[in-house]
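Several structures are given next for inspection.
First subunit A sits with subunit B, and in the next complex the same chain sits with subunit C.
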Partner chain A sequence: MSMKEPPRISPAMTSAPAMIKTKKLTKSNIVIRTTMTVLALLTIYGFFTFNNQNLKFWPSLMATFANFKTVFIQPHFNHFTFSQAVEGVTVTLALGLLTTIVGAVVAFFLSLLAAENLTNKTTSNIVKTIVAIIRAVPTVLWVLIFAIAAGLGSVAAVIGMSFHSISYLTKAYSESFEEIDEGAIEALKATGAGWWQIVFQSIVPNALTSLISWTFMRFEVNFGVAVAMGAAAGAGGIGYEMFMAGAFYFDIREMGTITYFILAIAIVLEILSTQIKARIRI
Partner chain B sequence: MSQTYFLTKRLRSLVVLGVIVLVCFGSSVLTQFNLSQGIAAIPKAIVWGFSNFYPTADSLAYLSDIWAKMQETLLVSIAAAVVAAIFAFIFAILGSRITKVSNFLAVLSRAFANLSRNIDVSVWSIVLLLTFGQTSLTGFFALFIASFGFLTRAFMETIDESGTDPVEALKSAGAGYVPTIFQAVVPSSISQIMSWILFMIETNIRAATLVGILTGSGIGYIFDLYYKRMDYHAASLVVVVIVISILLIEQLSNYVRRAML
Partner chain C sequence: MTTLLEMKHVSKKYGNGTVALSDVNFSVNEGEFVSVIGPSGAGKSTLLRCINKMIQATDGEVIFDSVNISGFKGRSLRKLRTKIGMIFQNYNLVERLSVIENVLHGRLGYKSMLSGSLGLFTNDEKQQAYHLLEMLGLKEQIYQRCDQLSGGQKQRVGIARALIQNPKLMLCDEPIASLDPSSAKTIMDHLKNISDSLKITVLINLHQVDIAMNYADRIIGVSKGQIVFNGAPSQLTSGDIKTIYGSDASNLMINIENHDRVKVAEK
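This part shows the complex of A and B:
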């Protein structure tokens, strides 16, 4: 701006000198506001179109709170014993564990292909696209689709659940590989190391901490998934007991017992996961 | 020196590998999982999929029904994430170490969020099924509780990371509590918060399928209906509609995220 130009005074400033305009309408602000407005409108529209089948909202809500109270305050054992509950939890944990390990092994090899600094851009993009499509199919559908070929049970559950873990971990692992300093790879290349030697002597040691942290985080998620698959896709374990107690016997007090078992394991896993993350960051 | 170094390194790797193999073996026995059966199931499923699991011209007749349910599921997922975000924001403000009002309220709000996050959405949906029946509201509340727990934790971390400086500055200028929140905390964390809400919507659409199968509503219900009727062509069409919807929403929210940051 040249000095000869007269100073511009906007009408807003002259008429209301007390108000200072502090908010700038940047692109980012416009996008945030538009997104907020669209989401708010969709939410309101949603509430008007929900299929409620003449349900009385407030009495149902109050009844729900009463049920929650019963679930959490008056848990009891009825159709199964304490040791059976422990067994159910162990089976669910084992399902989550198997899924995580199968997922981690397959994802490790896929992520080597998906990391741009280890292969080329084309291979990386192809693998990443396939993985994104696999992730778009909800886990329960993978399990149900495999159940047709393998029968309902642990085989369909573990294989079906693994698909989602593979896809999630491939994304996470390949991103950790891509963060590795190019120098660490160049140095080994210069010594004449082969591709596998680079992978095992440079890539894996450098990314190991984040690989472990991502894998454990997935285990935490997979426990929840295993509970849900027990309920929805016949995978057994505590999830199945929960489904039977709630949707079959309508015994919400027994559901309370099961809920406490699930909650206890989930909290222990979350604490372990944050501990691992905190220890690794040092 | 170097020999013992490599020896201990190799020994440690062997021990870790051995433990993992043992744990896998134990888990397989417990769950009656058979790895060879599992591997054999994959080609079987692929062959079956290519010969049965694809939409045909006949199944396209169901498309309008499926799309109506998908629309309902999308709206439920968005509404659950948005309403949960409002509650989660209040709880995150009360729980964050930067903006907490009292220690008691902070502990309480963290405990509440922990409870709703760590109990799986499938548990919530079965409890809700008893009172709300096979309606969209069952799905809405189940997703709402799960989203609330997750978003409270995410927002709390976002607010903690945004730092104490803007809050301190406004406090020392004599601003009240509510103006401090809206002028210091909101501007510095809003783009991150929006990003979490978009992520929650994506997660909710996937979870909605599961909730639908358990409670008989939305897209999960219609999949279950065709699946149990063994009308696999129609069921595959449902999967195609879900996949396209999720991929489109992912693209859209990635675009919004890039524009925001």
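This part shows the complex of A and C:
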């Protein structure tokens, strides 16, 4: 044994209770635990009560994999050409881009009204509530709602997708604005600067990074939605080709081609977004 | 001596019922260097902000440059604020922008909505910004982004932003509280120099009594929202310190007698 051991604090020396909890049982903790328990129970219940229609599990799984193999290993062009596929992708990208730009511009002005530190609490709450209601309804549903007036097609898709983008980006932007340090606004106010001057000289430069990354994120979402809208709402583009290939010609090999196209675009968007984010953070 | 600023029976009660100021009366002469001292929560920041109406006083009158500004709103308030510069403990710069862009923000109150929003400044204004930065020793950092500056440098940018307003009064809310002693001294020297050479009146909140005594022409002691001392630094006694800081005074390690002796020795 070593001669000198450093003095240790033995449990007896402190007045701490024998069992120490690191988490206090707060209201939010209870809510989280209850939610998790309910979800776990529902999952177990779900598995026991599946209606499997006497489907044999293993053969079905094998058949699905066989289909996957056909889709991804043997893609081909049949009802359209390579250049038509490129055109379809471009249309879909354009749909995503247009709705994101419309959403971003309108959301910018709305979020100025929604940010509590830029307006008053009443205005902020009104705008936030309206926007929350719009956001609660899925994009697809908005497109179908607008299709009543405009008919199924690209017009309904553009309006419906823009609508949802506006509400989503308003929330995102206004939260970025609210995170800005109070002092950055106070200092300009004290120089005698007006509201718009404060917005463009202090708020926007301060929040630029998050504005750009939120917008790009929404663009990625809108691209995905645009694919689905092509199929579901007849908005054209690669999604429509996919719908035709899948539900009309039952040509799963062509589905594979389209999937590869969409995958390629998604990867390009991802790379672009990381590049942009890395660059604006400097 | 002409009076630049006069506070008459100014009170401030916050929405939650906190009385931050009650019946504050004092006046400041043109060119004076006045320091406000007092414990945390005494109402120093509130007092300063009632002058440029960043906080609206609940009661009383504020007379600035012989005009009662208590009811000022909108355009007239913006115009008034151009005449009052302000610097802050946390500098409050737009960190992503360059030094000169931050300095030019001091001109926004003079500009139209559009040219101000777009950041279109005249060459004259840019020249002025350059000269101020040169004077404050930041010539090399003009195009540097503000998040790359040290605390002392940031505060000098803050001073330049206030000076480019051509202010008659500078309000300083604990400008050296986040700085090391040597940067703090640089800032205090600059402020004193501004007051002496440009004849700008300075009203400065300070935590450090010794610094206040060294630099100020006059000291105003605030405690619990009331002015409990108003006089020259030489008149400040340990008793006054006790009145201002309460029972904590002995912890402040302020030795007034010693301080006086240093001052005498300097003379």
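Observations on the structure shown:
The rule is short, and it goes like this: the second predicted complex is superposed on the first by the 232 of 282 C-alpha atoms of A that agree within 3 Å, B and C clash if a C-alpha of one lies under 4 Å from a C-alpha of the other, contacts with A are read in each partner's own complex, and residues count from 1 in each chain.
Quick note on the criterion: a contact is a pair of C-beta atoms (placed from the backbone, for glycine too) under 8 Å apart; a residue touches a chain by one contact, two chains touch by 3 or more.
Please read all numbers here as calculations on a predicted model, not as lab measurements.
Touch criterion met: A:39 reaches subunit B, while subunit C stays clear of it. When the shared chain is aligned, subunit C comes close enough to touch A:208, but subunit B does not. Residue contacts after overlaying the shared chain place A:47 against subunit B, while subunit C stays out of touching range. By the touch criterion defined above, A:186 reaches subunit C but does not reach subunit B. Of the two partner chains, subunit C is the only one that A:196 touches; subunit B does not reach it.
Once chain A of one complex is fitted onto chain A of the other, the partner contacts of A:278 are absent, as it touches neither subunit B nor subunit C. Touching more residues of subunit A than its counterpart among subunit B and subunit C is B. Of the two partner chains placed around the shared chain by superposition, neither subunit B nor subunit C is touched by A:86. Shared contact residues of subunit A with subunit B and subunit C: none.
The touching residues of subunit A, when paired with subunit B in their complex, are 27-28, 31-32, 35-36, 39-40, 42-43, 45-47, 49-53, 55, 57, 60-61, 63-64, 67-68, 71, 90-91, 94-95, 97-98, 101-102, 132-133, 136-141, 144-146, 148-150, 153-156, 158-159, 224, 227-228, 231-232, 236-237, 239, 242-243, 246-247, 250, 252, 255, 258-259, 262-263, 266-267, 270. Only residues 181, 183-184, 186-194, 196-197, 199-202, 205-206, 208 of subunit A touch subunit C when the two sit together in their complex.
Put simply, subunit B touches subunit A in their complex at residues 20, 23-24, 26-28, 30-34, 37-38, 41-42, 44-45, 48-49, 53, 72, 75-76, 78-79, 82-83, 114-115, 118-123, 126-137, 140-141, 190-191, 194, 197-198, 206-207, 209-210, 213-214, 217, 220, 223, 227, 232, 239, 242-243, 246-247, 250, 256, 259-261. On the side of subunit C, the complex with subunit A involves touching residues 52, 54, 77-82, 84-86, 88, 90-97, 105-111, 113, 116-119, 158, 161-162, 165, 171.
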